[in-house]
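In this document, chain identifiers A, B, C, D, E and F correspond to the written order of the chains, with residue numbering beginning at 1 in each.
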Amino acid sequence: MDKMMDLWLASGIYNLQAGQLVMLVVGLGLLYLAIVKKFEPLLLVPIGFGGILANIPEAGLAFSAVENALHFAQPEVLDALSAALGISSSDPEVILKAYNTSNASTHAAVSLAAMDGGYSNGMLYNFYNVSIASGAAPLIIFMGVGAMTDFGPLLANPKTLFLGAAAQFGIFATVLGAVGLSTLGIMDFSIQDAAAIGIIGGADGPTAIYVASILSPHLLGAIAVAAYSYMALVPLIQPPIMRALTTEAERKITMVQLRQISKTEKILFPIMLLLLVALLLPDAAPLLGMFCFGNLLRECSVVDRLSDTAQNALINIVTIFLGLSVGSKLSADKFLDLTTLGILVLGIIAFCIGTAMGVLMAKLLNKIEGGNSINPLIGSAGVSAVPMAARVSNKLGLEANPQNFLLMHAMGPNVAGVIGSAVAAGVMIKFVG
Amino acid sequence: MESLISQGLSLMVFGMGFVFVFLTLLVGMTTLMSKLVVKFEPVAVAVPKKLKPRVTKTIDSNNDELVAVISAAVHKYRS
Amino acid sequence: MDKMMDLWLASGIYNLQAGQLVMLVVGLGLLYLAIVKKFEPLLLVPIGFGGILANIPEAGLAFSAVENALHFAQPEVLDALSAALGISSSDPEVILKAYNTSNASTHAAVSLAAMDGGYSNGMLYNFYNVSIASGAAPLIIFMGVGAMTDFGPLLANPKTLFLGAAAQFGIFATVLGAVGLSTLGIMDFSIQDAAAIGIIGGADGPTAIYVASILSPHLLGAIAVAAYSYMALVPLIQPPIMRALTTEAERKITMVQLRQISKTEKILFPIMLLLLVALLLPDAAPLLGMFCFGNLLRECSVVDRLSDTAQNALINIVTIFLGLSVGSKLSADKFLDLTTLGILVLGIIAFCIGTAMGVLMAKLLNKIEGGNSINPLIGSAGVSAVPMAARVSNKLGLEANPQNFLLMHAMGPNVAGVIGSAVAAGVMIKFVG
Amino acid sequence: MESLISQGLSLMVFGMGFVFVFLTLLVGMTTLMSKLVVKFEPVAVAVPKKLKPRVTKTIDSNNDELVAVISAAVHKYRS
Amino acid sequence: MDKMMDLWLASGIYNLQAGQLVMLVVGLGLLYLAIVKKFEPLLLVPIGFGGILANIPEAGLAFSAVENALHFAQPEVLDALSAALGISSSDPEVILKAYNTSNASTHAAVSLAAMDGGYSNGMLYNFYNVSIASGAAPLIIFMGVGAMTDFGPLLANPKTLFLGAAAQFGIFATVLGAVGLSTLGIMDFSIQDAAAIGIIGGADGPTAIYVASILSPHLLGAIAVAAYSYMALVPLIQPPIMRALTTEAERKITMVQLRQISKTEKILFPIMLLLLVALLLPDAAPLLGMFCFGNLLRECSVVDRLSDTAQNALINIVTIFLGLSVGSKLSADKFLDLTTLGILVLGIIAFCIGTAMGVLMAKLLNKIEGGNSINPLIGSAGVSAVPMAARVSNKLGLEANPQNFLLMHAMGPNVAGVIGSAVAAGVMIKFVG
Amino acid sequence: MESLISQGLSLMVFGMGFVFVFLTLLVGMTTLMSKLVVKFEPVAVAVPKKLKPRVTKTIDSNNDELVAVISAAVHKYRS
């Protein structure tokens, strides 16, 4: 009967902690939103499922070999870890603290000691290291997004880039909000944390994950979940703000049809953007470099098989592992925290401010030009959230005037928002990275 | 060491400033580039994008199947 | 003429050992079975080819840098290896023994010393580490299998799960057989070896490879070859047993048509299964977690592009490397052993017992229910070997009664067998891992 | 340390036991789940699975080709 | 205003070095050749783009963490690096030199110290390590090429293998040229460098990259660029040589139609080739092994889904990363060198000699056989450059005689050239590796 | 240590020599293999390569679509 007891003592139900139960429910909730409500399912299905896996008691799928060794706390293994760390205590918490503050070579030694003790990295921990900690997955997804992006509407009306710029104000205002909360003692965010939280306002998943993985990996789970959830909520969040800031007359403005763009312009644009990044902001080079590379594969029309793969097999494969890896950051000990609540609140504020600033910038452009060439409804598309935000602009345009098709016009600021938030990401990595 | 708030403030000012400078330059360069392209390459504008030839063998054999099936279908029905 | 001599002395034909010659023939034999006899070709073509590559004399494709350094035995490199190991002998065999029993950090140091000496890991050795030793490849394949699995027939008739449970008896009976052979002194299997061998009876390739890579990596080659070979032999192995254990009347039993299953049930099933695993047997979480994840991608119908990729590009890529990596374990020094013979014999016994128990369980269910609702021929499908075993059930059903289509009925126990052997795998990893 | 045989025996007993317990629970939960679903969602049952819309551009362009080829074929033969 | 100054001092335009500017122009030039001139775009688009990314000032995308730490030269980090190296100087150049000559375990320690200092490997550096330094990418591409290769024409006329053998003379003549330049003091090539340069004459991209990554990684960029550029230039380079070495009458020779090849022959050929490699030249086993594996996947007709993946998703994914990784070797400090010029000149000579020898061998075969069974125009296809070189043969044949279709006949020597240069690669790795 | 030139020379001689030996053996073995195959398997020669059955579900569902579309098209036009 010992064995029966062993099984029971090692079972999930016996070891289930309250936090894990909560996170299992959160994971199920994300699956519900993704599958039933169709909230960004391509990411939220893997994230939600990864979150459930990460919170299976005793399985340790989201933990490193060292964390797993500390969890099971066999005396001889703890001694080996202490020895590798050069400390005398064999209290798991002391060891963990010493481990977290030790340098890279000690890290490697402690990790090998844990493996000698028979523990191994969890599956999700490995996925996270290979896909996100290496920086590779968000960049590869950005390449795929580039290969799916048509810069035609932007090229036909370049001044919509200003709308994409203005909408990034949400990012920086949120940074200020986060440091404000810290200064008031309500939260405890470093400037790096604040910057990573702000990027939620960029409404761009891979950018948010990339920045968070560099500046603030411990907040990555909450930031990614917030970013994708709010992107899915665009059709609910944006319309009230857009209506509040525009008059009926403004919403009825029809825009002139976009000119046709030549192949040459479409090929030259990503190269030009890359060179501008190279000359002005090298820290944005990985993100925008891969984005431009993907777009060039698409437009140059001599490597269609590479473009196809970047848009399909490759981005799908990476999305699966990126999502599961983000889910690994939803383990109860890392996610259930007042901080997460702060991130969710700040993130939605960032979104709202970004939306508002895009609309206001469109009105300002009309003022400056002294005309009515821009329907301010397309300003909100400057936050990115491609193509959802552009569809929202189109929908509100049609409500005001059933002949007013804004979709293609809104695609300009929409893709401009992707560039804008990647630039903002580069600035933040430069200053606080 | 600056206070957290002043760090946040300067990040906002310089961040937004830089984003605008960057995108303004991009507007300028894009406009210039488009003008040059339209000037030197007036003909190449606006052919409606034609169907891309598929690169993979997979699809080729698909097409073979397609033609076979269609021929069969048409043969059957035209008589 | 020195160079000519060098080439000759380094050629394969000059260095060919008897064992390698035998293994080259075994590799060719596997290719023959796969290509001509169509035995599980998706795995046996890469495994057979990998086996040939692994046995090319002097190429060292399946060996680590250290093993390659020991093979060529240059004195100064041997000295460097001894120094890294902290021993004084420079006899290759002594070094190898010390290396195999040393801890992880010494392993790393010795490996770097071998690389400094100009040796590198063979191509197949690298493939093995990345795909199998990391645990990733079998799990990714299991995700793909999940994405290809339709649980409809199982949901329409849940009691067929009992058939999938019964068929796992083959696994545990074989474990007993293996420890029996050890106790009698005929073989020398540890309890870990016995558990890994037993899993062959699960008739599920990725599960067998996953378990063997954790419990008994040195037997992985023989176990994988046995598992896939016997799965291919299902149409030969199963029918005699099925006929022997059933009467003509039983084989003629027709089953009522399966009810239609709603989308909601199909979506809820993998989630429910995951939660049950999480609560009862965390050690089965990686395998069944990925399986349920794949199935959810398939059924939730909002991420079809991920499901497509999991079923096609991704599983195909991983299959190629998994197969070659398994092949790397067919190197003569690891495969040609009395042990391999023992594994082949025990494996087939496991298969036969599993088949028999599935059939008998079906008859028992009929007894208990006091009816004839289950044709016992579908019991044999409980071993897994999807979909071959279900087809065999169908074929024997048609032989007895040309109107008796059992295929869909047999798919229930068939996929239940996949779950059953993954659960059995979790139990074994828990108890002897 | 138990003897190898007794280890094997206990692995068999507890292993098979656990497999049966687990799958019995699964049978129960599945049956319950199905009943609940059928009860609360009586309408959604059993639409014959329709063709999934293809997600990839690849296939879309395939379909374009398809329609083009079919139109051509039909035009040719109906006259 | 400090921040403004920081941004400016960290900008690309402030830090742009002359060499980087030149390399940016080279990168743009490669994109021009690839996109407008359609020079081997599948490789030259990623290589050119990677070259641009590698030369973005301050971004350090192509550099290791250690190189990046040395570039920014923070005193405390330099001290940590010196300490890890066990030297006292903190001059970046001294450190770099000590690092480059240190052994593998010191390498690892210094690298960890640089990471502790806050530096990380550049994105392209990581791509290079995973795809090329591991040897995996060229081998996987070779597998894909194998899966796309039809050996039918070669099997129908096996003596065309001699044409593929003769064309490899270009490789070895170039090796001699390179050591000659070194002996004369004009260049400074080691025998390894010379061998890696010679392989350009093999007109086979993955073979050239594989050999260069083993024998001479510091020349890899120039060698890959030369190889793919010259392969693209085949229609310009080969015709004058072919015309000069053949008479009008010879060019008019029509060849008898090729016999049909049975499936069995096509399946047995890659297995036979593999066994021959295994027995004679184990050093060519990785390259030719993967090539034969790909071809077997194609021909055996029981694993079409693996063959499809090897020819499409997998080779495309690997091509993207291989191209970007090769581009990482175009960083100014590694590429802008008299050596590169030498490589370009020697490479084209290799190509011309290979072409000439193929044609002359065809004429010799006709002499020996005393007939006119071979049109010497197909000899030039022996350099590989599949299928471009075969098309050139066909075009010149049609010029001489509008009924003379040489394409299928030229495919024989064309694929023979692939085998020939892989064999030559194996010989060079054996002798100088 | 040989001079660089003599290393290069011997690499050329032995390299080309080996390439020729290897490919000559391959010619011989290929010829022999073909003869054996033709001898023992005279029937299997030269069926024009038929369309490979597609393995992936993707394509199968494509075919379903194909048939559906064709039927529709033909129905429409034959009346």
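Following the convention adopted for this analysis, a residue touches a chain if its C-beta (ideal position, glycine included) is under 8 Å from a C-beta of that chain, and two chains touch if they have at least 3 such contacts.
Bear in mind that the values here come from a model prediction, so they are computed numbers and not experimental data.
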Distance in touch steps, counted as few as possible, from chain C out to chain D
1
Along touching chains only, what is the step distance from chain A to chain D?
1
Could you tell me which chain lies farthest from chain A when each chain's centre is the average position of its Cα atoms?
F
Compute the centre of every chain as the mean of its C-alpha atoms, then state which one is farthest from the centre of chain E.
D
C-F compared against A-E, more contacting pairs:
A-E
Taking each chain's centre as its mean C-alpha position, how far apart are chain E and chain F in Å?
23
Chain-centre distance (mean CA atoms) for chain D and chain F, in whole Å, is 36
Averaging over Cα atoms per chain, report the distance between chain A and chain F in Å.
45
Spell out, as numbers or ranges, the residues of chain F touching 2 or more other chains.
14, 18, 52, 54, 56, 58, 62, 66, 70, 74, 78
Sites on chain C at which at least two other chains make contact:
3, 7, 280-281, 305, 308, 312-313, 427, 431
Quick one: in the complex, what on chain E touches chain B?
3-4, 7, 148, 308, 311-312
Over in the complex, which chain C residues touch chain A? Could you list them?
103-105, 108, 134-136, 139, 143, 267, 271, 274-275, 277-283, 285-286, 289, 293, 296-297, 300, 302-303, 305-306, 308-310, 313-314, 427, 430-431
In the complex, chain D touches chain C at residues 3-5, 7-9, 11-12, 14-16, 18-20, 22-27, 29-31, 33-34, 37-38, 41, 44-46, 52-53, 55-56
Sort out for me which residues of chain C touch chain D in the complex.
154-155, 158-159, 161-162, 164-165, 168-169, 171-173, 175-176, 178-180, 182-183, 190-191, 194-195, 259-265, 268-269, 272-273, 276, 280-281, 301, 304-305, 308, 416, 419-420, 423-424, 427-428, 431-432
Chain F residues touching chain C in their complex are 10, 14, 17-18, 56-58
